[in-house]
Structures are given as C-alpha cells and as structure tokens.
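Two complexes are shown next, each including chain A; its partner changes from chain B in the first to chain C in the second.
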Partner chain A sequence: MSDVTIPQPTRPWQRKRSETFRSGASFVIVGLLSFAVVLFTGFAGVDGWAVVFLLISIVAVVIRGRKLSTKERGNSKVQLVITAAAVLAFAPWLSILGSVLFKGVVGLRLNFITSDMRTTVPDDELNMGGALHAVLGSLLMVLIATIITLPLGILSGVYLTEIKGRFTFLVRFVVQSMSGVPSIVAGLFVFTTYNSLTNGPSAFGGALALGILMLPTVARTSEEVLKLVPDDLRSASLALGARQWRTTLMVVLPTVRSGLITAGILGVARVIGETAPLLLTAGSNSAFWFNPVEGPIASMPIYVFGMLQIGTEYATNRAWTGALVLMLAVFALFFTARKLGGKDKR
Partner chain B sequence: MSNASAVLDTPEQGFAGLETREAHAWFGNHHALSGVSLRFPAKSVTGLIGPSGCGKSTYLRLLNRMHEFIPNTAMAGEVLLHGDDIYGESVDPAAIRLKVGMVFQKPNPFPAMTIRENVISGLKLAHIKIDNEDELVEKCLNRAGLWKEVKDRLDASGGSLSGGQQQRLCIARSLAVEPEVLLMDEPCSALDPGSTLRIEETIKELAEKITVVIVTHNMQQASRVSDYCAFFLSDGGPGVLVEADQTRKMFTNPTDTRTADYVQGKFG
Partner chain C sequence: MHVVHSRGDKVFRRLVTAGALTSLVILGLIGAFLFGRGAQVFSQYGTKFITGTNWATSLDESIASEFGIGPMLVGTVIVSAIAMLFAVPMSIAGALYIEFYAAGRLRKVLSGLLDLAAAIPSLIFGLWGIQIFTDFGQRWAEFLATRMGWFPLFSTISDNYGRSPFVAGCVLASMVVPITTSVAREVYSRTPRELIDTCYALGGSKWGAIKTVVLPFGKSGVVGGAMLGLGRALGETIAVYLVLNLNFRYTFRILESEGGNVASLIAQRFGESTSEELNALVAAGFVLFLLTLTVNMIASAIVTKTTRS
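Showing the complex of A and B:
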C-alpha cells in the first residue's frame, strides 16, 4: 500500500484564479472609468454613477465576451442583467439604511437612551435629553399588545388547523382581510371606541390599535407553522388515547414552540414602527407615563415624528437617531426570529 | 365474491376479547371493506395480509376507532371488545384507544419530547398517574428492545434516534399505557432489514403478554412473525376476508385457491 502515490486534490469545476483576477480587474476598471465619467460629464451623484456603471459594464461584458462562444456570451449577458436587477432592488434598502445610519449616528450618545425630554427642549445640545421615555413607551404598548394578541392569534391558528370548525372559511377570510386594514383605520377605530369612552389617549388605547394590526400577522404565521406539524404526530397522540385538546396542548403546540415565538416576534416587528394609529390613540409625552390606562404616553415613532415637525437642526438630529434606534430594534427582532425559527426540529 | 368468516381462537389459545361482526368501511362513496367477521386469538400475533388496496389497513384502523379521523368515512357492522360494541353510543373512543394501542407505518416519536418523555407521553396525555416513572420507562424500553441502546441518553430528543430505534421507541410508548391489544400498521416498511429483524423479535416477545395484530405487505414477514393469518382481497370491488387460519396452514395448505396463489407469489 505504501507505494501508492496519492494525487493532489483538485477542483476542476472551480473558476481559475487568473479568470477571477481578470474579472475583478475589469470590475475595478469599469468602476474607475464610470467614476471618471461622472467627474467630467453631466452625470452626477450616486444615481448617475450607478447608471454609468451599468452602461460601461454592458460594454465591458461585450468586449470580454468576444472570445467566448455565442452561448457563453448569452449566458454572461443574462448574468449581468440579473445581477443589475438584484442590485437595483437592493439599492433603495441600502440607501435608507445608509442615510439613517449616517444621520442617526450624529445624535447617538449614551444619554439618548438614558434620559428623557422632561427638562430638555428639542433645541438643546445633543448631549442633553434623550428618548428613554419613548423607548419605554413603545415597549410598554408593544408588550400589552403582544399579551392580548399572541394568545388570540395562536388560538385562531389552532382553530384553523386543529379544530377546523364550521367557521374556518370565515375566520381565514377575516384574518386575511384584516391584514389589509390601513393602520390609520385601526387607530380611528380605537379612537372612536375605547379612547372616546375613556379619558382620551392612553397606552392601553395605543396597545389596542397595535393589537388590531398585529393579530393578522400572528394568526397567519401561527397557522402556517401549525400546518407544518405532520399528521402522524396527531394520529400517534390520538392512538395513545389522548383527547384532541390534550393532543393540541401537549404534542402539536410544543412541536412548533419556536415557530410560534417567531410568529409573535414578526407581529411585534410589524407594529413597532407604526405611527399613525398611535397619533390618535396614545398621544405623546416628554416623560415616561406610568399609568397605562390613562394619560398620553410617548413612543419611538411619535418621538421621531414630533422631532421632525419641530425641524430645527438638533431636533432633526434627534429624529434621525430615534429612527436609527427603532430600526436597530426591528433588526434585532428579525434576527431573533430567524435564530429561533431555524432551531425548529421536526 | 364469497366472504369468509373466521374464528381464530381455539380453546387452547383463548379469545383476545376482540372481534368484528360483518364489518364494512367506506371512504366517501367508495366501499372499501365488506362484511369482515373475525375473532382474534389471545396472546398471539395475527397477520393481516393481502395486496395493496384490499382494505387490511382500513380494517386495522376500524379496530381502535382511528378510521373516523379520515374525513368522509363511514362504517357498518360491529367491533366488539369483551362483548361491547366499541362504536356504541356511550363509548368513549379515547378509552378504547387506551386498550387497543397502535404503531404506525412511519416512526412518529414526538420531536419536542425526550426519549423518556416519549415513553411516558401516553400516560401524561391521558391523565394517568405514574407511580414509578424510572421503573416504567426501563420496563417499556426493555420490552421494546431499546433499553440497552438508550439507557445513557434518556434525555436526548426522540428524533435523534435512527429509524429502527424510533420505531421501537414508538412501540415502547404504546406499551406504557398497557394495552390489551397492539395494532401495527406495516411497522417495518420504512426500515432496513436489520431493524426489521429486531422489531420482529420484539413483536414475538410482546405476544407472550398481549395480543398483536399486524398488517404487512411482506409475506416472508407474515410467515416469520405471525401465528395466525387473515388474507384480504379485493377484485375491483370492496375488500373481503378470503381466509383466516393458522399461519402454517395458510402457507402450506390453504383452503382457498386465491390464498394459495397469493402466498406463492402468483399475484399481489
């Protein structure tokens, strides 16, 4: 056995290094060239640069494709078009992310999340005051909304997948049309009912409006997740002499526990940035308000909205920082949802 | 097609308490099973054999009221457990399923539970008090032939086991509620030959204490594992019981020519 020479492992299917280098070089050249065009011609800004880059890329692909066969040339053209489309779809997201990040980071100090606006006016220096009250207000309202909505949403999912009662069609229809309700309508509904019956804006009113918007997301996600539970497991449980509610409670729901948590998180992410309904139902405040059933309470979106309306330099900075914090919170939620969702073992 | 009615229990073997009288089953308008009358012998393995679509699995599911979970199904006739019709008005189907357990074709341990929790899940699900959990878990896993392999990782997930081990876990789970009869719907068809052999040994050991009814596509398996056989057949119409007898007789000297043709592999 010792005289057997083991060949060097190779990967013939991989792109050759020289090829990678050449395409990288052409990418750089195209980039520089389009930059030069933007500098010296009428094209300007990021948009102009993108358009020029795309045009020169096409030229480059055509030039580099001379040596290729017709089919390979076609392939590289389609690749370019698809890559361009992907970049184009990605661009607005990147642009939003970039501007919120750059403008928000200006006001991002520790005091932004440790103090509120009780003794600070929006025009004060950025090292004074903050959005603690808004962060807490948002958290409180989202928490109340989740406590109300999560059981309701999961139970509707259970009704649709486990009980399959007479109203399955109706429930599914209502849930689906509810997800199309404009958020201001949800706000108006709570405003004319709960808020007008009680003493005006309150955290509970805001939470109710958010709950209305959350419910369809939670219910639909729960239904989708529960549908993934194999019927085998239900049969197994029933064949062991379990009743349906025990089966649902002890076998079906635990099997998709992480999926149901994901449903809740997606619901939270859906409403945490809602502004319109809170404008009507929760109002705004410059300090955290502890009584959830009475009195206006601040929230992140309303904080951003209010600061933008004031419109002075420091207020605008505060608004951007608020937007940044809100966006980071949503990212954190989605990240957690993905983490938990991926852990589902079936 | 003529329909046989069979009494498999003998004075020596004893009666398992489970019998059907003129049992029929429908899926929608499709008449799947017609007039099956059969008495099961106690503490033995009865194999239900026959080609695909002959109604043997349907018949099995009639025996513990699992048939009704398929939408638009219907049944007629009587299924008696110790003389009482299990489809009677005042009967609690969950109580029947406690006495007549079932193991399915595909291993289906509960993925959200550990091995230990899987074994005792039947008792938890049915609200039955457990006196000595450790002892029960060990006993059931032993009877299912799985104890030695899993005793050091009882708190691992049921899904972490191999296919054959999962199926034995499902058997252990069914045994924990101490059923009188264990129904098995092609329990080995999703498993490799080695695991199949292990399960067959388990089945034979189980039959020393309880009554086992097993559906199988595999005639070698039926001849290896069963003491009695019931042959089902459908010739386009509903499935009927052709013949039922001791396995040895069914495979060597059957009464009906169709049985002879089937066990010799001429069709099916």
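Showing the complex of A and C:
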C-alpha cells in the first residue's frame, strides 16, 4: 500500500525553491549595494539604510521586470510594496523587543528583584535598590483583581453558552464594547467612587480598576472555551438524569478547566502592564505596603513610569529593567496560556 | 435542546444571569457616575466645555475658573488620525504578507510575533517611543518640514521636532497595527479557497487574486479592525503622555513639539486638582468614554458580523 500517493493540495501561490534562492541572492546583493551607498552618500542611520534599500530594490525589480510578462511584472512590483509595508509594520516591535532586552539587561542584577527603594535613591548605582516592592504590589493587585473578576467572567461565559437567556445578545455586546473602555476612564471611575470614599489610593482601588479592564478579556475567552465543549457531553449528562446545574458544574466546567485558567491568565496579561489607572487609584510607594485597603502601594508599571519621569541615567536604566521584567512576565503568561489553551482543543 | 428546569436549576440560572449582567451594571455605573459628577460642569459650561480653548483653575473666588477641552479634543483627533493613516495600510500589507506571501516558517514566526505585539503594554510602547523612536521621528519630521514646509500641516515655527503629534502618532500607529493586523488577517484567512483558486484557474496572478477576491471580501472586516484600533488610539493615555509634549493650545502644526489628548490631560492634571477641576476632568473623562464607546460599539458590531463563521 506504500506506493499509494495521496494527492497534496496544490498551492500555486507558494514559491519554488529556486525562486527562494534567487530572491535570497538578490536580497544580499541589494543589501550590499545599499550599504555601499549609505557609506558614500548623505543617508544615515537604520532608516536611511532602509530607504536606500527600498529604492535600489525598486530599481532591481524594474530591471528584472523587463524580461517578465506584464502579469508577472505587476505581481513583482506589488510584492515589493507589500513586503516593504509589512517590514515597516513589523520593525517597531522588533525594535521594541530588542531595545527592551538590551537596555533592560544592564540593570538586571539579583538585587533588582530582592530589594526595594526604601534606602536607595533612583540615582544610586544599579547594584543598590530594586523593584521587589513593585513586583509584590503588582502581584497583590492582580491577585485581588483576578479573585473578583474570574468568577464574574466565567459566569458570563456560562450564561452565553449554557443558559442562552434573553440577554445573550446584550451581554455579548456589552462585553465587547467594555473591552474598549479607555484604561484612564476605568481609573477615573474608581478614583471618583471607591478612592474618594476610602481616603485615597490603595491596592484595592487599583485592583478594582484593573478588574474592570480584565473582565471583558476573561468573559470573552471563557465563552470561546466553553463553546468547545461538545453538545454530546451535555446531552449525555442530561440523559443520565443530571440537572442543568449539575451538568454545568460537574461536566462542562471541569472539561475546560485549563481553558478557564487560560482565560484568567490572558486577563492578567492584559492588565499587568496597565499604568494609567494605577496612577490614579494605587499611587506609588518606595517599599511594599501590606494593607491592601488603605495607603498607596507600588506596582511595576508605576515603578517604570516613575523612574522614567526622573530621567537621570541610572533611573532610566531602572525603568528599562522594569520594562524588561514586565515584558518577560507578559510573555510568560502568554505562553502559558497558549500551552494550556492548546490542551483542551485536542 | 429543551430542558425541563427543576428548582435547583432555576436558582442556578438566576445566579449565572446575575453574574453575567454585572458587566452591564459596571458599564452602566461607569457612565452614570462620570455623567453624574460631570453634570455640574456640563450645565455650567454647556457646549463651551467642548469648544472652549482654556483650561484654568482659579483659586481666587472673584475670578471664575475656565474649563474647555477643545484643544485636547482636537489633539486627540489629530494624533489618532496620524496613527490610523500609517496603521491601516501597514496592517493590510502586514496581514496580506503573513497570509499570502510569507512561506512556512517565516509565517509562523510572524504570526507569533503579531500575537506577542498585541500583548505588549502601552507603557513599553511609550518608553520605546520617547527613548528610541523619537530620534527617528524627529529626523523624519525635520525632513518633511524642510522639504514640504509649504504644506500648512507641515509648517513649523521653531525647529524643535521631537515630542510632536507626528511622533506620538507614529508610536500610536505601532500600537494599533497589531490589533488591526490580526483582525485583517483573520478575515483574509476566511476568503473562500475556491474563489482564489478560480482566479488562478482563469490565469490571474497572485496580485490579481488578492485585488479581485481577497480585498473586497475582507473590506468590512478591515474597517472593523481599524475602528477597534482607532478606539485604542483615542483612549490611549500613557504612551501619549510620555511621548508628547503636552501643551494646552490649539495647534495644527503636527511636526512641532506641542500637542495633547484628552486622556493625557486627565493623567497630567488629576494630581493637583481642586474638586472643581476634578469635576471638569471627570466630565472630560465622560466625553472620552462616550467617544471610545461609540467607536468601539460600531467596530465590534462590524467585526462580529464579518467574522461569524
């Protein structure tokens, strides 16, 4: 049976190997050429180099296009334009990843996550002081926010997939539009309600603001995940005589446990870097503050923001390191979510 | 599936419904509270609050305070417009590239990168914007100002090009691109394969297939994605606050180091505000809330309609 060939779907838009080689070669040649031009003319910097590269590429495409048919010629020009725009779209993120990594590593010492800024001023050498208080503060606030939001988000998901009552459309619509509430507005809301009732900034205020921003993400992901539960399971459970509440609690929810955890993780990833609402509701502090209902508390984003505002060399280094820690946290959450999310689907 | 509900089920269903409606309640509360606290300001200043050009708290009883968010509202629109101007073409190109041009592994890497980019906090965009990108943006702005200064928007008085609406718009564009690109990609990937194949069968080129099938098919989805991005751009606080040189004045010279938006006005002023000014800030927040909510509702309606399988 081994000589049976399974017909592969053809993909006429896919490149052949020779094409890949040729375009790779011309890429290198154009790169070297533009490097030479940058060396000997007024263009400068990465962006100047990119512009020269694009110009020479256009010339190359036009020259090569002479041999091609009209159809191919148009195609190659468009491909160049799309590739250039795509590179432009991806360049900022690569630049961000690179700069956060390289600039953040400078201040990444052990003391950055083991000590706080109680006895250190931002201008001190980087082997003094750290962001332990900010890490703990962020963790505390995110934890409170998750405890409040996760059940609500899952309930929304359950409502949308299990109950499907008459508010289905409304709930879905509200959740979607809520994800567009600007973070500063969420902060302002908590600032004028909870914070003004309870004497100013506190971890709980910060957590409430974060919760508002987190809820849509959790609700939407929960819904997506619960949709994956096959109806057979529900029917089987009902056929065995279980009521809907037992079916939901003992069959549906356990089936997608890791997916629901994913929903929580994505929610955390969504809010852990939020700065504006914490600026209004949680304040800042140079040491960890243990009372969650009263008194300003430090957090990672505010730490970065504060250091950046100070703006001296060492403070800026600290800001970059804080950004690196924050980004690593976001990415770690993201990859965990992806790993977990993949589990249920199988 | 029809289910007969026992008493336990009824309790359960009510509980879940109540939980699901909390998001509605929260959204309603936000709107109501912001409006409630801002109402005084709205009734006192009327439309002057939107069109007014002055933001001044007076501590002196005999001089009235003045609150108008005109310049900041215009600033919000300008910065977001610049962002969308760059972001939309880049997103379409990026989505097309990932979906139709990138091969095998590159495609996987790029779509992973796209997901990651959407998760980068705006604070980091702001940090990057002011510390890294401003140098580039400044150079581009200078280029535009010296070569195309005759164009009113590009005219400048001083030669200070950093921290301008142009630079802030570029940073916002890089924040918007991930959102818009992933929606656009999602929509493009739903283009019926038969249609594309038909194009090839008729002798069309790849660009021909994209132009005649993919782009028209994904049009409304891209509009929705762009509006989602616009919602983010309009309400963005911290990146704009860090990058832009905030100044309370009407300005249409986008290359010059001066501008603002409503969100960063709130972030800048709330700390030292009197209760009168705080009310005005809340009112400004309400305006922003309405603005982004409207944009977002339209966007999500479009996106839901087009990506429903």
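By definition in this document, the second predicted complex is superposed on the first by the 284 of 346 C-alpha atoms of A that agree within 3 Å, B and C clash if a C-alpha of one lies under 4 Å from a C-alpha of the other, contacts with A are read in each partner's own complex, and residues count from 1 in each chain.
As a convention for this text, contacts are C-beta pairs under 8 Å (C-beta built on N, C-alpha and C of every residue); 3 or more make two chains touch, one makes a residue touch a chain.
Computed from a predicted structure; not experimentally measured.
Within the superposed three-chain model, A:137 lies out of touch with both chain B and chain C [touch as defined at top].
Once the two complexes are laid over each other on the shared chain, residue contacts for A:188 go to chain C alone; chain B is not touched.
When the two structures are aligned on the shared chain, A:95 is found in touch with chain C, with no touch to chain B.
Residue contacts after overlaying the shared chain place A:319 against chain C, while chain B stays out of touching range. Chain A has more of its residues touched by C than by the other of chain B and chain C.
When the two complexes are overlaid on their common chain A, residue A:242 makes contact with chain B while staying clear of chain C. With both structures placed on the common chain, the touch criterion links A:280 to chain C but leaves chain B unconnected.
Once chain A of one complex is fitted onto chain A of the other, the partner contacts of A:257 are limited to chain B, with no touch recorded for chain C. Residue contacts after overlaying the shared chain place A:233 against chain B, while chain C stays out of touching range.
On chain A, the patch touched by chain B and the patch touched by chain C overlap at residues 235, 238, 243, 246.
Those residues of chain A lying in contact with chain C across their complex are 12-15, 20, 45-47, 71-72, 74-75, 78-79, 81-86, 88-90, 92-97, 99-100, 103, 151-152, 155-156, 158-160, 162-163, 165, 167, 170-186, 188-189, 191-193, 212, 215-216, 219, 231, 234-235, 238, 243-246, 248, 269-270, 272-276, 279-280, 301, 304-305, 308, 316, 319-320, 323, 326-327, 330-331, 334. In the complex of the two chains, the chain B residues touching chain A come out as 64, 66, 69, 94-98, 101-102, 104, 106, 108, 110-113, 121-122, 124-127, 157, 159, 170, 173-174, 177.
Residues 1, 3, 5-6, 8-9, 11-13, 15-24, 26-27, 29-30, 33-34, 37, 89-94, 96-98, 100-101, 103, 110, 113, 115-117, 119-125, 127-128, 130-133, 136, 139-140, 174, 177-178, 181, 196, 200, 203, 205-210, 228, 231-232, 234-238, 241-242, 263, 266-267, 270, 278, 281-282, 285, 288-289, 292-293, 295-297, 299-301, 304 of chain C are the ones that touch chain A when the two sit in their complex.
Residues 230, 232-233, 235-243, 246-247, 250-251, 254-255, 257, 345-346 of chain A are the ones that touch chain B when the two sit in their complex.
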